[in-house]
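Chain naming follows the written order as A, B, C, D, E, F, G, H, I and J, and within any one chain the residues start at number 1.
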Amino acid sequence: MAGRGHEDLQDLTLLGSRNTRYAYTYDPKLLETFENKHPGRDYFVKFNCPEFTSLCPMTGQPDFATIYISYIPDKRLVESKSLKLYLFSFRNHGDFHEDCVNIIMNDLIEAMDPKYIEVWGKFTPRGGISIDPYCNWGKPGTKYEAMAEHRLLHHDLYPEKVDNR
Amino acid sequence: MAGRGHEDLQDLTLLGSRNTRYAYTYDPKLLETFENKHPGRDYFVKFNCPEFTSLCPMTGQPDFATIYISYIPDKRLVESKSLKLYLFSFRNHGDFHEDCVNIIMNDLIEAMDPKYIEVWGKFTPRGGISIDPYCNWGKPGTKYEAMAEHRLLHHDLYPEKVDNR
Amino acid sequence: MAGRGHEDLQDLTLLGSRNTRYAYTYDPKLLETFENKHPGRDYFVKFNCPEFTSLCPMTGQPDFATIYISYIPDKRLVESKSLKLYLFSFRNHGDFHEDCVNIIMNDLIEAMDPKYIEVWGKFTPRGGISIDPYCNWGKPGTKYEAMAEHRLLHHDLYPEKVDNR
Amino acid sequence: MAGRGHEDLQDLTLLGSRNTRYAYTYDPKLLETFENKHPGRDYFVKFNCPEFTSLCPMTGQPDFATIYISYIPDKRLVESKSLKLYLFSFRNHGDFHEDCVNIIMNDLIEAMDPKYIEVWGKFTPRGGISIDPYCNWGKPGTKYEAMAEHRLLHHDLYPEKVDNR
Amino acid sequence: MAGRGHEDLQDLTLLGSRNTRYAYTYDPKLLETFENKHPGRDYFVKFNCPEFTSLCPMTGQPDFATIYISYIPDKRLVESKSLKLYLFSFRNHGDFHEDCVNIIMNDLIEAMDPKYIEVWGKFTPRGGISIDPYCNWGKPGTKYEAMAEHRLLHHDLYPEKVDNR
Amino acid sequence: MAGRGHEDLQDLTLLGSRNTRYAYTYDPKLLETFENKHPGRDYFVKFNCPEFTSLCPMTGQPDFATIYISYIPDKRLVESKSLKLYLFSFRNHGDFHEDCVNIIMNDLIEAMDPKYIEVWGKFTPRGGISIDPYCNWGKPGTKYEAMAEHRLLHHDLYPEKVDNR
Amino acid sequence: MAGRGHEDLQDLTLLGSRNTRYAYTYDPKLLETFENKHPGRDYFVKFNCPEFTSLCPMTGQPDFATIYISYIPDKRLVESKSLKLYLFSFRNHGDFHEDCVNIIMNDLIEAMDPKYIEVWGKFTPRGGISIDPYCNWGKPGTKYEAMAEHRLLHHDLYPEKVDNR
Amino acid sequence: MAGRGHEDLQDLTLLGSRNTRYAYTYDPKLLETFENKHPGRDYFVKFNCPEFTSLCPMTGQPDFATIYISYIPDKRLVESKSLKLYLFSFRNHGDFHEDCVNIIMNDLIEAMDPKYIEVWGKFTPRGGISIDPYCNWGKPGTKYEAMAEHRLLHHDLYPEKVDNR
Amino acid sequence: MAGRGHEDLQDLTLLGSRNTRYAYTYDPKLLETFENKHPGRDYFVKFNCPEFTSLCPMTGQPDFATIYISYIPDKRLVESKSLKLYLFSFRNHGDFHEDCVNIIMNDLIEAMDPKYIEVWGKFTPRGGISIDPYCNWGKPGTKYEAMAEHRLLHHDLYPEKVDNR
Amino acid sequence: MAGRGHEDLQDLTLLGSRNTRYAYTYDPKLLETFENKHPGRDYFVKFNCPEFTSLCPMTGQPDFATIYISYIPDKRLVESKSLKLYLFSFRNHGDFHEDCVNIIMNDLIEAMDPKYIEVWGKFTPRGGISIDPYCNWGKPGTKYEAMAEHRLLHHDLYPEKVDNR
């Protein structure tokens, strides 16, 4: 039935596991990867994560965001259930919005060593203002480094309509 | 009445046929093509396919997606009823989202030998996260190869809003 | 400048307070109320709370919802910052969706003794299905008890469109 | 050219006036009215006012709302430029959301003596929660008093979707 | 080919006529009617008219609105091209929004003698506030008179979202 | 596999048939029905038909509409492929919008003898105005006759926004 | 941590279970229930199920729908993971749209014995027409039987806009 | 009153004509043009045509589409009423979607000899899949030929959301 | 209070003036300008004008459009009240849509001598087709001339959805 | 718990402070900054500010806008609560829309010395026309200066739909 056999999936300890432990302390080691079966082709994978929550580092108040992650894999892809557990681990973690988005990208670079990656966080407002940080990265010394610069140059020319309702 | 005569349509065994058999096992041989009557012109054909379903390779649980396919034909176009039957053949097939999208593109390249093609899958969430893989391809050694690289470079600068509802 | 003077606001310990403590253990005593200055008039107050999160009682996995609360006050109104802190206190609490909505309503009845109240939770999907419990209540022995029955009778004849994206 | 002649308009001191003074201190005397030319018919007039702002009575921080006002006139209608100036007069006024909506309705009842009136305020969120108070009123001892009770009974069975963005 | 023959259409002088004269001075005599072929059945006809414009009676400035007209015919229906010309005749006419809507309804009652009719105007804002008058009418001494009262009682419990953009 | 066996489907000559003939002349005999397997229960079936086209009886110009049909079946249900062919038969038929909607309902009453039925047509504009006729019907001498009157009384209190674009 | 203890959850064999078996043959015995902890209160639970698929009983072609289920529980609630598995069991089952919706409601009545229940299916189009059946039920001999009749009377006065795209 | 005098309009036989004949057989000679009064300036003209219908060449079944046409005129512009009649002439014409779009563009090139033109058809689904062909053209040997290639390169990087409803 | 003093505003005769005369005959001399206080910086100013109306030059029938105007100022900016009066002056003026858009741009170039300007008109449909002309211009012999060509090259790759409702 | 320690936050006097003073007189000194912890990476931070209000410099009438601010930080980031207070300080300040947007950008450049910044204001209409100024800036003598020019070149090719409602 499946295009992926058991040998392809043996690195994955979390997917389909019954005894999932939900860690609410920031832990980048939760991220797991599996083999890219199309290594000769550049293609994008996007994760839509509308259920992200962390804490404000100064007040301890919860923050909420939708996180969009897009990347071009090299040899490894990140497994989505492990990504979910990793994002859950920010639940009791405090950091500014701008830092969260950079940290998530750094951890995914460390886990997957992708060709290219970008992370965009869209937070709910505090005091009537909402903050949407965006960062990206291309493997240094490759054409993907220029790709990152090119995409930053064209980033978000059309900000979405926001009215706080 | 018709701009296409019977001679143009004789390759098509499925369109208008009464005895359609719906195969629910993955079968790329279901794809049928017909002649491109505008071979001197580069133009796009897009298929919107919001009724795609497959199975998770690890859990057997059904997955659902909208698949968008766009291509520039060379000598052949894919017939849409055969495309429908081909996509139905994933109904009992198990593969990761990232693999499904690459496989669909590979099979359409094999069937049509197009100048350029791209496939974008937008899946429903599991565990609060949804995955949207996108791949593309241009005929090697032609300007369409550079077209594929150019379009990947500009891919999805504006992720659509997703809130899981 | 203000229509409310200091004497009106002296019951409120949380609003404007610097040393807010965010409790992430369920605690209905966080709710504070203030005097209704229009006691002779029946009117509605609605709270839109799109940043609600709790835990699944069986798996410990986080759940997310938008909670809509509407009520007709009697002598007291609930103060919105205390409501925020109360809802935050579900952050590490585990309960089924159907129970959370009933518990929130019970606690608000206890805190305010309103004439009428209703609570509607709209959760994000798990396994492709989302759950939206709705409960309401009118003060027993008054016309508001019939109001609750009447509004339940007409509840949600037009379910909002949901496609999990 | 006009269906209304100068004699119909002589009560209006503000409409078309050059020397408009914008008062930013709450002043219900700014409201002006003109004659209802269709006194034998019950009909509704609705004002959409998305540019309302006042101050928080405890913190002095600005609040923002869209105010919807609907009424059935008796002998007088409120002139819309005077309504604009009246709503502007909350600009430096501090009151809770629930009080603002009741005060606006009370002042319009005083100015127009309508058969029926309702006021709905939809405020932007503070701390992730937004508040939408709604009040209504029918002339005591008339069928419009029952109308107010009937409309309160059916108020807002379908809360609009709010996600704070 | 047609369900309506020439005899059915002979009252209509404007529909399909080449020499249409566009009158920009208010003229209710422009309204033409034709026979209702389903007189034994109560049914609704609605006209959506988003291209209405008139003048402000005090300043001469143009006003713009979408007018919604719904009615239950008795013996006659209003022909839509004549309705268009009638609405065009407000182009250089000055009246308050509340008056325009009442006048349009009065003229349609005079032209068609319907069982029931309602007219709702939704104008663009001036000074940040927009006005939406609504009136209705049922034939006196019939059940449609009660219908008008019933529909006014339930009118617009859900004001559409307006943000002036 | 199927809940319906061949004996249930033998009345249907069009569904799944290869030699479908598309008639473009109005023909109510195209409508086919099948047995209601839940005769003891009142329930609704709705057809959304956004591909309706007919001709203007005076000018011969094509008209376009979305037709919404809802009914409570008695002993028979209308088969949807035969409904499609019936609606196609208006393609070269000329009638006013108000007449088309009444005729469609009359033909469906004749074909199915339902307990209750309603038909709503929403046409594209001509000369800036669009027309949306709505009719309904309940079996005479039953409670469904009162149902029709009740639903007409509450019909379309909230006209959809139309701006001709 | 949890408001529900283990004793409350011991009836549930599927939720959190690792060895979930996905049955693709129609099987109503998959439905599991748990105790209603608020038996003295009438309240609604709604399930949004946009990932429903079955087969056409005549052609074998897949059908797709969003199913909305709302009910007032009596002593038992249906567990959502078991509901998911039950709906998956239609994957290789053939039935008309009208029958699927009635069968789902019948099976839920059998499993839960609720006070009131309604099921609405919204299918994708075939041949340009889509079908949306709706059925409901109240416990015979109780006020919920009249509730079902009342809600059917007011069902879907505002069909959602459908344009097949 | 008019910026265009009679001498400018004498080529137009259809606009304002009473005796319009609606041809439902494909006829490119229906297209009429008029002089471009701004020949020294490159500018775009777009036609939105949501009322296009043709027939399937194999089954004879009607197809429906919205056609978007954009062009940069050279010496002539196409008159919109003649374009309407030309598009109506596909009403009884059978061709594949991909062919219709190419034929419309070819005929407009023949009629107007524009500098640049593009045509995009968005059809309704058959069998759950919809097809959107897009073609464009720039005058050979001019910079508009490169413009066509450049716009094809950037065509539709963001496919619109389609869910068949 | 104000960043602009009286000396900055003395060129403006219309803004704040009581005796505004609304001219309904085309008059480009109505346009007034004021000094650009940021002459060393290239920036855009956009006017959204959804209340534009003119007449058809052949039939005299009213036309309606939303006009979007964007420009990069050089030494002067156009004052928005004078722009309003200028656009009102098309009210009794007859011209084709394509001509209106070019004329508006020509007049604004004459009045302001901007570095760059573009005008886009989006009209309501006549006969089922709507027309959206777009023109732009950069100061000859400057880099803004190339800017105009570049923006025309990328104009409207994503036509907005139009369905005439 | 927090990724930011107290040493990182000691420059911030306003965030979490109890004695916030809301200044309603324009005051750029309210802006506070904190250290960029990712100085080696170019990334964007966007603020959505839908609660901006100022005064018209000629009439004193309130203006309302949504302000979008995007920047690439160099060594400092602006703290969002101080940004809120700064924007509040326009509450009693009078300036043209075009000036407000330029002033906000100038003040943020002064406060943060960013690599790149852009500010877009979208105001509500006055007299039926709304104004949306956009300015941007890149550090002179760096590649960000060319970035500003490039982004201005591609600014707002797709103006959002505006209908003043």
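Going forward, a contact is a pair of C-beta atoms (placed from the backbone, for glycine too) under 8 Å apart; a residue touches a chain by one contact, two chains touch by 3 or more.
What you see is a predicted model; the values in this text were computed from it and never measured.
*Asks:* Provide the labels of all chains in contact with chain B and in contact with chain D.
*Replies:* Shared contacts of chain B and chain D: A, C.
*Asks:* Kindly list the shared contact partners of chain D and chain I, in label order.
*Replies:* E, J
*Asks:* Half is the threshold here, strictly exceeded: which of G-H, C-G or E-F has more than half of its contact pairs identical to F-I by residue number?
*Replies:* Match found for F-I within G-H, C-G or E-F: G-H.
*Asks:* From the C-alpha centres, identify the chain that is farthest from chain G.
*Replies:* It is I.
*Asks:* Return the distance between the CA-based centres of chain F and chain H, expressed in whole Å.
*Replies:* Chain centres of chain F and chain H, defined by C-alpha means, are spaced 32 Å apart.
*Asks:* How many angstrom lie between the CA centroids of chain A and chain F, rounded to a whole number?
*Replies:* Roughly 49 Å, centre to centre.
*Asks:* For chain E and chain H, let me know how many angstrom lie between their CA-based centres, rounded off.
*Replies:* Result: the chain centres lie 35 Å from each other.
*Asks:* Using Cα averages as centroids, what's the distance between chain A and chain H in whole Å?
*Replies:* Computed from C-alpha means, the inter-chain centre distance equals 44 Å.
*Asks:* In chain G, which residues are in touch with two or more of the other chains?
*Replies:* Residues 16, 48, 50-51, 55, 59-62, 64, 92, 124-128, 130, 154-156, 158, 160, 162-165 of chain G each touch two or more of the other chains.
*Asks:* Mind listing the chain F positions that touch chain E in their complex?
*Replies:* By the definition above, chain F touches chain E via 26, 55, 57-60, 92-96, 98-99, 101-103, 125-137, 149, 152-159, 161-164.
*Asks:* Flag every residue of chain J that touches chain A in the complex, lowest number first.
*Replies:* Touching chain A from chain J are residues 1-4, 9, 12, 15-16, 37-38, 41-51, 66, 68, 70, 72, 77, 80-81, 83-84, 87, 120, 147, 150-151, 154-156, 158, 160.
*Asks:* For a test of understanding, state which residues of chain E touch chain J in their complex under the given definition.
*Replies:* Residue positions touching the partner: 61-62, 64, 122, 124-128, 130, 160, 162-165.
*Asks:* Which residues of chain A touch chain C once you look at their complex with the stated criterion?
*Replies:* Touch list, chain A to chain C: 20-22, 24, 48, 50-51, 53, 55, 59-62, 64, 88, 91-92, 124, 165.
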